[in-house]
Amino acid sequence: MGGAFVSDSPIFDVRDVSFAYENVPALRGTSLCIAPGQSVALLGANGSGKSTLLRLLDALCFPSSGSIDFRGESLTPYRLRDEQFAFSFRRQVGLVFQNPDVQLFNPTVFDEVAFGPLQMGWTSPEIVTRVNAALETMAIAHLRERGPYRLSGGEKKRVALASVIVLDPEVLLLDEPTSMLDPRSQSQIIDLIQNWKGTSKTVVTATHQLEIVEDIADRVVVLEQGSVIADGTPPEILSNGELLLRANLVHAHRHKHGDIVHSHPHLHSHGQHEH
Amino acid sequence: MTGNRALPSTLVGLARTFAHALAAEDLARQPGLLQSLDPRVRLIGISSLVLAALLAHRIAVIAGLFVVAVALALFSHVRLATLAVRVWLVVLLFTGIIGLPALFLTPGSFLVTSSGTVLPITLQGLNSAILLIARVETAATLTTVLVLTTPWMALLKSFRALRVPPEVVMMLAMTHRYVFLLAETAGQMFESRQSRTVGVLDRTAQRHMASRTAGVLLSKSIELSNDVFLAMQSRGFRGDAKVLTEFRMRAFDYLSLIAFVTVGVAAAWVGRS
Amino acid sequence: MHIPDGYLSPSTCAVLYVGAGVGWYGALRRVKSAFTTRLIPLISVFAAFSFVLMMFNLPLPGGTTGHAVGVTIASIVLGPAGSILAISIALAIQALFFGDGGITTLGANCFNMAIVSSLVAYAAYRIIAGGAALVSRRRVVAAAIAGYLAVNAAALCAAVEFGIQPMLFHTAQGVPLYAPYPLHIAIPAMMIGHLAVAGVAEAAITAGLVAYLQSADSALLQRTSGGPASSPTSEPGSPHRSLRRLWLTVALLLLLTPLGILVAGTAWGEWKASEFSSSQGRDRIAAASQQQPPPDEAPQGLQRLSTIWTAPLPAYAPQFVKSRSVGYLLSAMFGTGLLLTFSWIVQSCLRRVATDHSG
């Protein structure tokens, strides 16, 4: 049974956190510890609270009860008002939003990727070098003068990623990075996340797509209606059909084999399923 | 007026937005005279020519400035056909219509033909109409050439040279970016509503549909701005707008600036009445 | 209503750029002082929304189609400062990126459609809506009226700007150098289109949007509702509150100035020294003073004082304006405009003083 991976100095320590959007609860009493270097998949259906949790981890909003510590520092509005801490935190932790249009608010790709470094106060030559490097890494250097409205879904996601990795963060929070992408773009993103998996970077990926979990994570946390209901390795979680059904990650419908009617949880997209 | 004509024309307007932007982007990449200049020089230079066209009172001088404008266009790979359709014909139509009554209404000395007939047109009216059209055509040509050859972000950054506050530059950039997103969203909403509607809607229903579309667009816009703010904060935005400017003036830029301003001042001086 | 380059003289453009600059400066300070840098993306998105809205071709009662500007809904949701910035940005993009509207006339266009409109829209909305509940029908009606007034106020400003061109800028032979039509042609020509079409379009769209927001997200109407939550930077009883009431009143008076034209004759006591010597003047003075005959000569004090100061606009009518009533209106607008600008500046300074002392 996969218990919480507690280490001596977790990078994130989420303790009994609750959060509501205008009286609609999104997280109820969630607790979680993430160790540095882990690759975590936050698994849950839409509305389970994954996006909210990521935003809380990025200190974009703050819990109504409970606390979140980052490297031992408590993330509070007061703490974030300190400019030095804020800049340090924002550089170390990067969040890629689910909807790339939200994150592409500059007129060209180059300016978009340069936005973060510019806010951090880097010098112009440094910014130009680093931006070009990030564009190369994401294979979008040819798009540097393009406006966002001319980009495809996959290109937008890569620009969004570039705009985050240019700061070289230690923690990457990814909200549904493969949603609404064509298969080739999806596999490109998955490759990227896999590259981070062995390194010292901590990656937390929120997704509802079971088929990518094994590739991108060595630990799975399952959320259902704002609470953590399971926490373990990918094989443990993915083989637990009842759990997945309860979390609304798979469906079950009846089908016939000859005269026998049965049902079991399954995914249509996951290759063959055995009886 | 039949029912469905208003909404499709809105769609056409929205589509033109993209077409224009694409054309401008392509043109801005070509190796031409204006494109090779620092954007600040372009902005100040062309503005001084427009100002000269306003200050000059003699039609000959304004015509000269028009020739300069066309020359700039040609050397910057702006096709004259584009200018003709986009600027010259449009201005002729609108300003022509606006200026036409001036021929008859301006007080002054009536024109007399060689055969002795007195026309209801005054000399002053004629001069005034010609002046107006000449000015508007020249100014519009100059600004269109500027806009077509300069990428939006470059233009915005050159505003910093005019001491425009960075918050304003930031807002201009963001707005430009989101105009396309909202135009696309609005276009999609109209299209989907049209396809779901059987038959011709009456005018009130159309108006209500436009109203509802505007309402949904507004809600989405505001929601979008909330998320954009979070995204900005996530990358370190704390309220200080910063703009990355990498412009460097070369000798050619200085010379061009001097040339522009000289032509402008000369035109204004010679053209004073 | 977007004025292209060439219709306004450089000096007119310069004056209106200065006027617009004052409005922009005040609006920007207000936005920055409100501690909500969140307004930056909000204003940007609103500007984009206004831009797209201006493209909507709205079928109107009467068989015409018209375009709305969106300045009224911007004033209602963002407040006048945010609206000034949002609409100005939309206009700037139209002019600089799409070539709609001139660059020398950008100041004028912003002055008319962003600044005057926003202030009129906000004042009218606040006054008519009063303290009504956020979701009341009264607010929808207030929004419609505010929209109608705002667009027509902008059109009137533009018409005046056009109309004074031939009088002020012409050659010695009488050739108008810029816009060729005097006020008595320009004003009716512009106003008819806006009173009948554009104003209706703005009213219809604004009412529709307010009604929509009332059901979809009424919190967005909070900022201009007049309740305690609507002005986060003001403390109760602060000096800027009473100033705000002052300029709201002035805005209302501006709207009512045309009524002054209906009043004929001169006000009692406001006679020129020369009226005492002409028989017509003497008759007028007597009639106003219950048939008491006036003295044979103007009082000495009046004689002396009347030569000290010659007002720039004597008799409320600039010399070049032939029609008396239009001259009256023009001066009223000019004077009110000065007052509004002045009170805006004073307001901003007072607020700065208040925050300096409380900070």
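A few notes on this one:
Think of it as A, B and C in the order they're written, each chain with its own count starting at 1.
We adopt the following convention: contacts are C-beta pairs under 8 Å (C-beta built on N, C-alpha and C of every residue); 3 or more make two chains touch, one makes a residue touch a chain.
Every value quoted in this text rests on a predicted model; they were computed, and no experiment measured them.
Closest to the protein's overall CA centre, chain by chain, comes B. When every chain is reduced to the mean of its CA atoms, the largest separation from chain B belongs to A. Separating the CA-averaged centres of chain A and chain B is a span of 43 Å.
Centre to centre, using the average C-alpha position, chain A and chain C are separated by 51 Å. Note on chain placement: the centre of chain B and the centre of chain C lie 25 Å apart, centres being C-alpha means. For chain C, the set of residues touching two or more other chains reads 41. Chain B has residues 21, 152, 174, 176, 178, 181, 224, 228, 232, 237-238 in contact with two or more other chains. For chain A, the set of residues touching two or more other chains reads 105. Residues 18, 21-22, 25, 29, 151-153, 156, 173-174, 176-178, 180-181, 184, 224, 227-228, 230-238, 240, 242-244, 246 of chain B are the ones that touch chain A when the two sit in their complex. Of all residues in chain C, those touching chain B in their complex are 4-7, 9-10, 13, 28, 31-32, 37-38, 40-49, 51-53, 55-61, 63, 65, 73, 77, 85, 89-90, 92-93, 95-99, 102-104, 166, 171-181, 185, 204-205, 208-209, 212-213, 216-217, 220.
Of all residues in chain B, only 1, 3, 6-7, 9-10, 13-14, 17, 20-21, 24, 47, 50-51, 53-55, 57, 86-87, 91, 95, 99, 101-102, 105-108, 123-125, 127-129, 131-132, 135-136, 138-140, 143-144, 147, 152, 155, 165, 167-168, 170-172, 174-176, 178-179, 181-183, 186, 203-204, 206-208, 210-219, 221-222, 224-226, 228-229, 232, 237-239, 241, 273 touch chain C in the complex they form. By the touch criterion stated above, chain A contacts chain B in their complex at residues 55, 58, 60-61, 83, 86-87, 90-91, 94-95, 97, 99, 101-108, 111, 114-116, 118-120, 124, 127-128, 145, 147-150, 163-164, 167.
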